[in-house]
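Chain naming follows the written order as A, B, C, D and E, and within any one chain the residues start at number 1.
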Amino acid sequence: MNLKDYVQDLSRLWPEIILSVTALLALVCDLLMKGKETRVTGWVTAIGVLFTLGWVCRDFGDADGTRMFGMMVNDRFAMFFKLLITSGLLVVTLLSLFFRGLQKDGVGEYYSILVIAAVGACFMVSTDNLLLLFLALETLSISSYALAGFLKRDLRSAEASMKYLVFGALSSGAMVYGFSLLYGFAGSLELPQIAATVRTLLHGSGHGLDAAGIGCAVAVVLSLAGFGYKVAAFPFHFWSPDVYEGAPTPVTTFLAVVSKVASFGMILRFFGGIPHGAEGSAPLATVIAAIAVCSMTFGNLAAMLQENTKRLLAYSSIAHSGYLLAGVAALVAPGAAGAVAGGDAHGHGVAAALSAGLSGGQAVTFYAAAYLLMNLGAFAVVIYLSNRFGAETVSGLAGLGWKAPIACGTLVLFLLSLTGIPPTVGFVGKWYLLQPIWSKGLHWLAVALVLNSIVSLFYYFRLARSLFLKGEAEALASPRKNAFGAEIATIAVALAVGTVWFGVSLSWLADLVLSIRI
Amino acid sequence: MDFFDDGTPGWYALAILLLPLAGFCFNAFTYRTEFTRKRGHIVPLLTIGTALFCALSIFKHSVIDYDADHAGGHGTHAAAAHGAPADGSADEHASGGADGEHGAARAAGSLADPRWRWSSKDHGGSYRLIDTGALRLDAGIAIDHLTATMLVVVTLVAFLVHLYSTSYMHGDKRYSRFFAFLQLFSFSMLGLILTDNLLLLFCFWELVGLCSYFLIGFWFENEDPPKASMKAFMTNRFGDAGFLVGILLVYRMFGTTDLSEIYSKMQAVAEGSAAVPSLFGWETGTLLTVAGLCLFMGPMAKSAQVPMHIWLPDAMAGPTPVSALIHAATMVAAGVYMVGRIYFFFTPDCLAFIAGIGTVTALLAATIGLVHNNIKKVLAYSTCSQLGYMMLSLGVGGYSAGLFHLYTHAFFKACLFLGAGSVIHSVHTEDMREMGGLKEKMPVTYRTMLIATLALAGVPFFSGAFSKEMIVEHALVWGFGANVAKLLPALIAIGGGGLTFFYMMRLINLTFFGQPRDHHKFDHAHESPPAMTIPLLVLAFLSLFSVGWPIPLFGGKKLPELLAPPPALASIALGHDEHHGHAGFALAFAVLVISCAVLWVGYVLYKRTYKERRPGPEVWVARFGGLYTTVTNLYYFDEFYRATVVRLGNATARVLAIVDSKVLDAAVNGVGAVGQLVGKAFALFDRLVVDGLVNLWWHLSHAISKKLRRIQTGNLQDYLAFAVGGMALVTLLFLFLA
Amino acid sequence: MISTIDSTHLLTWITLSPLLGVLAILFTPRDKADVIKTLAAAFTGIPLVLAVWMYVKFDQSLPGYQLFDDFAWVEAFNIRYTVGVDGLSSPLVLLTSILMFFAVFSSWNTEKGVKGYFMLLLLLEVGVNGVFVSLDFFLFYVYWELMLLPMYFLIGIWGGPRREYAAIKFFLYTLAGSVLMLVAMIAMYLHSGATAAERTFSLITLAQRGQDGLFANGPMLFGMEFRHWLFLFLFIGFAIKIPVFPFHTWLPDAHVEAPTAISVVLAGILLKLGGYGLMRMNMSIFPDVMWDGSGPTAWATGIAFLGMVNCVYGAFVAMAQTDMKKLVAYSSVAHMGFVLLGLAAMNQNGIAGANLQLFNHGTSSAMLFLLVGVIYDRAHHREIARFGGLASHLPMYASLAFLGIFTSLGLPGLAGFWGEALSLIGAYQHFPKIVLASTIGLIVTAAFFLMMIRKVFFGPKKEIYAGYPDLTLREWACLTPFGVLCILLGVAPFLLSDWMKPSIDALASLFGVKS
Amino acid sequence: MDSFSFWFFGGCALVGATLVALMPRLVHSAFSLVLALIGVAGLYWGLGADFLGGVQLLVYVGGITILFIYGIMLTPRDATRTKLTALLFPGLIAVVPVAVMLHLAWQGLAVAFHAPAELAEPQPTVDAIGRAFLTRDQYLIPFELASLVLLAALVGAVFLARRRKES
Amino acid sequence: MDHLAGYVFIGAAMFVLGVFTMVTRRNAIYVLMGAELILNAAALNFVAFARHLGNRLDGQMFAIFIVILAAAEAAVALGIVLQIHHHFPSIDVSKPDRLGD
C-alpha cells in the first residue's frame, strides 16, 4: 500500500471532496442557525460550490487521462463535465437561494442533498467502471427523489417525488439487470471491455445479428431504459413532465440541467468505447437514432399545447435529449469520425488521409454545455417570473415583457438558443451535432433534427409571443416585493451573455471541445 | 465627336427630342407656382414651336437640300452612308430615290438599304443605356426621309394642338398639367420616331401609351374617362405583350435590337450568307412570319385595328385636342409608322395578314361610322377606318402610299377633330342630334371642316384623294392575276370611299346644315376664338394642298416619292420576291374615275337621304333594321369579348338588352372579369390549398400533439407499462435490424 | 485567394456600425423617444455614408470580390470572418443602407416601444448587410438567421391586427428554409475536403471547388445525387425568402400586418436575399446542376417554370385583392418571378435582368409600401373599394403613387422595365414557351395596378377624404429619393449594370457564355 | 454446491417472489418477500458469497422488510385487498414481452458466456471484501460514495417523514 | 456450467415478477416490493456470473452495493410514501394524478 499513490489520487479528487464537505457544512450550518437565517446556509453552500468550481478550473489543464482509485479516469472529458456540473450546481444553488418556495424549513437538508446529488453526478462522469457508475447514478437518483418532494406543503411535490421514485426504481432496476447481463457477456465491469464486447456482438455487418448479438442487444436495451429514464428520452420520459411540474423549480432546474448533462456524460462514457477506428455498431446507432427522433418529435409535438411553463420546458428538454441522443447515435455509428459522406467510394482520396474531424462525442459534449447555459437561463427567468408575478402558465405571462424587459429579453434569447438560431450557443451546438451526424451518413437523422427545430420554434415562441406580443393591459397586477427580482435577473443576464458570447466567439470553445477525446 | 458638328441633323434632332421633355419637367416641377398655373402653356408652346422649327430644318436639310443636290443620283451608292466620313456632311450620303416600289434596290443589284439615312452612331452620337455583354443598348438617332417627314407632321400637329388647347382648355383647373402631359407625349412620340433601336422604340411606344392613358383619363372625376383610359391601356398592353414577344424573337434570331443591325443581319439572310437559328423546329419562313405577326400585335393595338380597335372610340372621353393629336394624327399612326420602319422584315404571308386586318378594319369601322350620333365617335371610327386603309396599303405593298396617307390623314383628321372640338366647345354637347344649323354661327369651323371632310372622303384635288388613289392602285396591282380573294382589299378600298363620303357628309349635315334641333344650345353657340380657328385654318390649308402634291417640291420629287420602300428582305430571303406590276397611268386614271363614281354614289345617297329625304334615314333604318342594329352596336365587338369570356349564354339577346347602358365598359369588364375571376380563383387556391396545406400541417401537428398528450395520463402505472412496452419496442427494432 | 485586405475595414464598419447604435439606444432612457430616433437615424446614416463611399471605392472594372476583410474566426473548422463585395452584392448593400435609413424616417411616428423598435431595426440592418457581404458560409448563415428575430418582433409587436399570426408564420417559414440550408452547409463543409485542414466554409473556395466538380462525385442519397440534394436544400432555403410559389404564403400576411417601414424593408431588402443567395450559392457552387455543358438541365427549367408561375400566379392573385397593401404584396410575388426567370436563363442578359430587378424592385416596392403607409396613416384603412378620387384630394401623393405604380408595372423609361425586359430576353434563349406564358403576367400586372389606380385615385371626389392633408415634409423626404431612383435607373440603367457587369460575366461564364 | 440446497433456496426464492406478486393481502405479500429474500440469501451462500448472504439477511430481511411492515401499518386493511384476476391481464401484457426479452438474452448468454473449464471451489470472501473496500485501487471510492448515499437517503427520509414543525 | 442456467432463470423469473408487481399492484408498498425483487434478480445474476467466471469478487461487490442502494432507496421511498399518505389519505399509487396532461 503506497501512501503516495493515495495522496496523489486524493489530490485529483479535491472537487468531489470539497463538494462532500460542503454538503456536511450545509447541514451543520443549518443546525447552528437553528432554522433562523436560512439564507446563510445557501450562501455557505454557494461558496463551497464556487470553490469547487474554481478547483475544477484550476485542475482542468492537469487532467491527463490517468486512472485513479482503480475505477476512475482523470481526463479532460471528466473535467469538462465536472465543470458543467459544478457551474450548473452553482446556478441552481443561487436560484434556490432566491426561490420563494424554499425559504422555510429543511434548508440544510435541501442543500446537503443537492450537493450530494452533484457529487454523484461528478463520479458518474469520471468513472469507467460499471459498479461505480451505477452507484454514482443511484446517488444522484436517490437524492433527486428526495429533492423532488421537498415542498412538503405542496401535494404536487409529493406526487412528483413518488412518480419519480417509482419510475426510477423500475428503470434503474431494469438497467442494473441489464448491467448484470452485460457483466455476463463481457465478463468484466470495466467499461472499455464492455464496449468492446458490445461492438463485437452488435457489429451487425451484412448478415445481421446472431443469437449472442440479440442477447447483448437485450442487455443494451435494458441499460438504455435506465439511461433513457435518466435523460428523459422517449419512451422512458414519462415521469419528466409530471416531475418537472411538481418539483420545486430549482430542483426542476437541477433535474433538467445538471442531472441530464451528467447523465449524458455517463452515456458518453458508456458508449464512447464502442467506436473504434471506423468500426462501430450500425444497429445500435439506428436504435439510438430512432429513440432520438422519437424523443425530439414527441417532445416538440407534445410541447406545442402546453400551458404550464415548467411542463413546456420539460417537453422541450425531452426534445433536447433527442438531439443529444442523435449525437450519441453518430458516435456509435460505424464510419470514421468526420469522414466525408460516402467519400471512400470516390475520388479526392477522401477516405485515405483523414484527420480527426468532430466526433459525435465531442458534439454531444459541446451541446451539453450549450444546453446547460440556455436551459439554466430559461429556468432562471421562469423562476423570476413566478417569483415576481406569480406567473406559471403561458397565458399568465401575457404582457410581462413590457414590465420586465430585461429578464424577458434574456428569456427570448434563451428560447432562440434552444431553437438553435445564431448568434447563440444553441446554434453552435446544433451545428456541432449535425457535423458528425452527417459525416457518419445518418442523413435522415440530420434532416429530422433540423425539421424538429422548426416545430420547436412554434412553442418556444408561444412564450415570446405571450411576453411581448400580447397587450400590456393583460399583464398581471403589480409585481411582488422582495422577490429577488434583481438577483435572479442578474443571473439571467450573466447566462445570456454567456449564451451569446459562446455563440459568437467560438474559437477557444471549439479548440477546447476538440481537445476532449471521446 | 462630330455629332454636334455644324451641318448635321444631330443638334436639331436632340433639340426636338429634349425640348418637350424640358417643357414637361418645367411644368411638372413648377406645378405650384402662379405662373405655371395660369400661364402653363407658354413654355410648352415655346418648346414645341422650337421643335417644329428644328423639324422643319431637318426636313429642309435632309430632304429638300439633299435631294436637290442629288436629284439624279438614283440608286448608285448605298451602304456608304454607314461609313460616312468625319465631317458628317450629308453630301457623302447616298440616296436611293424611289422609282417604283422595289425598283431602286433591285436595279442596284444590292440588298443594302438604298435610301438616304443619317445615323447619329456614325458620328459618335449615342447614349449607352445598358450593356450586358450580350445585349448592348445604344440609344441613337436615325433619320431618313420617313423620319424627317414624320417629324414635321408630328411637331406641326402638336404645335397646333398646343395652340388650340390654350383656348380650349382655358380655365380648366389642371390647365398646366394638361400641357405637361402634352409635352410628355410629344417627347415620347418624337422619341419613338427618332430612335434607331427596336427595344427603345418599344419603350417610347409604351410611353406614348402612358401619356394617352393619362390624357384620356384627364377628367378622372367623371365616370367614363377612367374606364376608357384603363381600357385603352389594357388593350394596348395586350398588343405590347405581343410586340415584346416579337422583340424577343428578333433578338433571339439576330442577337440585337438595333434596327440597322437587324437590317444588315436580315440582309445576310437574304443573301443566303447567314441563317436564322431555328426555334420550335420551325423553318426560317415560319419563324420570320411568326416574329412579324408578333411584332404586328403592337401596331394592331396601337393603331386600333380590328379586333383590338375597341379602345379608340372610348378614348374620345379625353379632351378633344388630345383626340386630335393622339388619337387621330400621331399616336395611332405610330403603328403604321412602325410597320413602315421595319417593313423589310415582313414576309409576304405577314403582309397579307396585315392587308387583311387593314381591309376588315377599313370596312367595319366605316360602317359603324355611318350610324353613330356622337360627333367624336364618328370621327374616331373614321380614324379606325383610315388606319385600316394605311395598313391595307402597307400590306399590299403600297409602302409609300400607306405612309403618304398617314401624313395626309394626320392633317385632315386633326382638322376634323379640332373642328369638332370647336363645335363642342361652342354647344357643349357631343351628340349630333342636338346640333344642326351651325353653319352660319361658326363659319370658319364649318368651312375648314368641310374642306377636311372632302379631303378625307378623297374628293379629287384634296389631299386625301391622292393618297387614297395610290392605295387603291396598289391594292389592284396586288390583287390582279391572283385569286379573287386578293382583290377584296381593292374593292373594299374603293367602296369604302363611298361610305366615308356618306358618313362624313352626314356628320357635316347633322352638325351644320338644317335647322337647329336644340335651340337653347344653338343660341349659345358662337365661333371659337382665334387660338382655335388658326390651327383649323392651317390644317385646312394643308388638307387642301396636301403637302404640295403633286408638285415636285422636294428636291425635284413629289412627297410620296421620297418615301421609297426598303428592299423586301424577308420576301427575298424566302424567294417570294414576285415583282408586282407598276401602276401605269391607265390604271391610275381608271382608279380616279372609279373613285369619283363611287363618291358620286355616296353623295347621291347622302343627298337623297338627308337633303331630299326620299327616303329619309328613318326608312333606311327600317328597311335594314337588323343590319342597322348590328352596326349601331358596333358589330358587337365589345359584347363579343364580354360574351365569349363570361359565357353569358345567348350573346345577342343579352347584348341588345344591355347595349346602351354599358357599352363603354364592356370589353374591359369582360376581360377584366375573367381576370378577376381567375384572380379570385387563384386567391382562393392560395388561401385554401397553398395556405391550407400549411395550415393543415399545422392542425395536424396540433391534433397529433393533442393525441400525444393523452399518453401522459398522469397515472404512474400507465407510465410504467408504457416504459416496459417501450423497452419491448426497442428490442423489437433491434430484432428487426438483425 | 484573398489578395488585398481593405485597410479601412469598410465593409465591417458598414455591417457592424448599427450594432453600436443598438448599444447606444440600449443605454438611452426609455422616455427619451426623440433621442432614440435621432440615434437610430444617425446609426443608419453612418452605413449609408459608408456605403456611398464603398460605391466610390469599388472598382467597377474588376470581376471578383473587393474590399476584403478577413481574419480567422474558428480555426479548428476553418471558419473565417471574410467579407468582401462584388458587383452582385455591393449594389444590394447600397440599397439596404438607403432603405434602412429611410425606414427610420418613415417610422418616426412610432410611439409604442420606441426603444425596442429602433434597436431591432438596427439589428436587422446588421443582419441584412452582413448577409450581403459575407464570403464565408458560416458567417453568411449567422447573419441570415440574425434577421429572423428582429423581424419577428417588428411584425409581431408593431404590426396590424393579425400580427401574431403573420409574425410566427414568417418566422416558421424562413426558419424552415434556413435549417435546410444549414444541413446543406454542413454537408458542403464536410465534403469540401478530405481532412479538417482542407475543409472550408469560404464561399470563394467552395465555388472554385464546386466548379471543378467536387460535388459531382458525391454519393447517391435516397435515389438522388448528392449535389442535387444540396442544390435542392439551398434552393428551398432561398425560395422561401424570394418567395417562390408555393412557399409564398407567408409574404402577404407578413407584408400586410407589418408596419409600413417594416413592409418596406421586407419587400425592399429581405426578398432580395433569396435571389442573391441563389446566385451566390446555387449558381456559383453548383453550375453543373443547372447547366449540363450544352444546355439547361431540368433543374434550370424547373426554376424557370417556377418563375413563370410566380409571375402569372402572383399577378392573378394580386388582381383579386381588395386590400391595397396585399395587392402590392402579391405584386412582389409576381415581380420576383422575373428574378427567377432571369437567373434560370443563366446568360448575361438574364442574370443582369435578375439583378436589375432585384435592385429596382427594392426601390419601387419600397416606394409603394411607403405610399400605402401614407394613405393608411390618414384613412386608417386600405380597402381599395372605399377609396376614390384621391387624385383630386391629394395631387402630390397621386403623382408619386403613379410614378411608383408605373415603375412597378414595368413601364419603359422607369426602372422596373429593364429588369423585366432583360430577364425575359435572357430566358427566351432557353425557355421560349415559358417566357411566352410569363407575358400573361405582364398583362395582368398592368391590369391590377390600373384597376387600383382607377378605383383609388380616379373617380369622383369623396367627401370623407376631403380634409386629408397632402404629403408632409417627412413623407416627401422619404418618398422622393425612391422616386428619383425609379426615374434615374430607368433612363440610366447602366449605372447599375456597368457596376454589375464584370461579376455577371463571371457568373455567366460558368454556363457556357463567353464574354 | 449441492443440488438440494440450490433447489430448496431456488424454490424459496421463486415461490416467494410469485407470492409477492400474487398475494391479495399486503401482509402476506410482505412475508412472501421475506421468504424470497431468504431464498436468495441461500443461493448466495450456495454461490460462495457467504458475506453477501449475511448482508442480504441483515439488510433485507432485517431492515427493509421491517420498513415495509411499518408502511403496511399505515394503510387501512380493506385498501390492501386486490382481486387477483384484475391484475392478470394488464400484468401479462407487461410481463410477456419482458419474458421474451429475457429469453433472448439467455439464448445469447448461452452462446457468449465464457466460463472457465473448471470452477474452483469458492473461498470465504469476508476477508477479501473487507480488504477490497479499503484498498485504493479497488472499492474504496464506491465504499466512500455509499456512505454519502446513505447519508443523503437518511437525511432525505428523515426530512420527508418528519412532522412539520409548525402547522 | 453447474446450475448457471438455473440461477439465471431464477433471476429472470424474479425480474419478471417484480415488473409484474410494479406495473399491476396499486399499493405503493407492493410497488416497492416489486422494485426489491428486480434488484434482487440483478444481484443474483451478478453473483452467479461472478461465481461462474471463476469466483470473481467484482460481481459480488456489485451485489453488495445493490443491497446498500436498495436500503437507501427503501428509506427514501418510505419517506415519500408517508408524504403521499399525508396528502392523499391513501398509498394507492394511481391516486395522485394531479400532474399529467
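Methods note: contacts are C-beta pairs under 8 Å (C-beta built on N, C-alpha and C of every residue); 3 or more make two chains touch, one makes a residue touch a chain.
Quantities reported herein were computed from a predicted structural model and do not represent experimental measurements.
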Chain C omitted: connectivity of the other chains: one piece
Any chain that touches chain E and chain C: A, B
Other chains in touch with both chain B and chain D: A, E
Most distant chain from chain D, judged by the mean position of its C-alpha atoms: B
Identity of the most central chain, Cα criterion: C
Euclidean distance of C-alpha centroids - chain C vs chain D, Å: 69
Where chain D and chain E are represented by their mean Cα positions, the distance between them in whole Å: 6
Chain A-chain B separation of Cα centroids, rounded to whole Å: 77
Averaged-CA centre spacing for the pair chain C and chain A, given as whole angstrom: 41
Residues of chain A touching at least two other chains: 131, 135, 138, 142, 145-146, 149, 152, 161-163, 166, 170, 174, 181, 184, 187, 213-214, 217-218, 221-222, 241-242, 302
Multi-chain contact sites of chain B, meaning residues that touch two or more partners: 709, 712, 714, 716, 720-721, 724-725, 727, 731, 735
Numbers and ranges of chain D residues touching at least 2 other chains: 90, 94, 98, 101-102, 104-106, 109-110, 113-114, 139, 142, 146, 149, 152-153, 156-160
Pairs of chains satisfying the touch condition: A-B, A-C, A-D, A-E, B-C, B-D, B-E, D-E
Residue numbers on chain B that touch chain C, as the complex places them: 28, 128-135, 199, 202-207, 210, 213-214, 217, 220-223, 225-227, 229-230, 233-234, 237-238, 241, 244-245, 247-249, 251-252, 279-280, 671-672, 675-676, 678-684, 686, 690-691, 693-694
Complex contacts: residues of chain D adjacent to chain A: 101-102, 104-114, 135-142, 145-146, 148-149, 151-153, 155-160, 164-165
In the complex with chain A, residue positions of chain B that touch it: 701-702, 704-706, 708-709, 711-712, 714, 716, 718-720, 722-727, 729-731, 733-735, 737-738
Parts of chain A lying in touch with chain B, wherever the complex brings them together: 162-163, 166-167, 170-171, 174, 204, 208-209, 213-214, 217-218, 221-222, 224-225, 228-229, 234-236, 238-239, 241-242, 282-283, 286-287, 290-291, 298, 301-305, 455
Residues on chain A engaged by chain E in the complex (per definition of touch): 130-131, 134-135, 138, 142, 145-146, 149, 152, 155-156, 158-163, 165-166, 169-170, 173-174, 176-177, 179-181, 183-184, 187-189, 241-243, 245-246, 302, 306
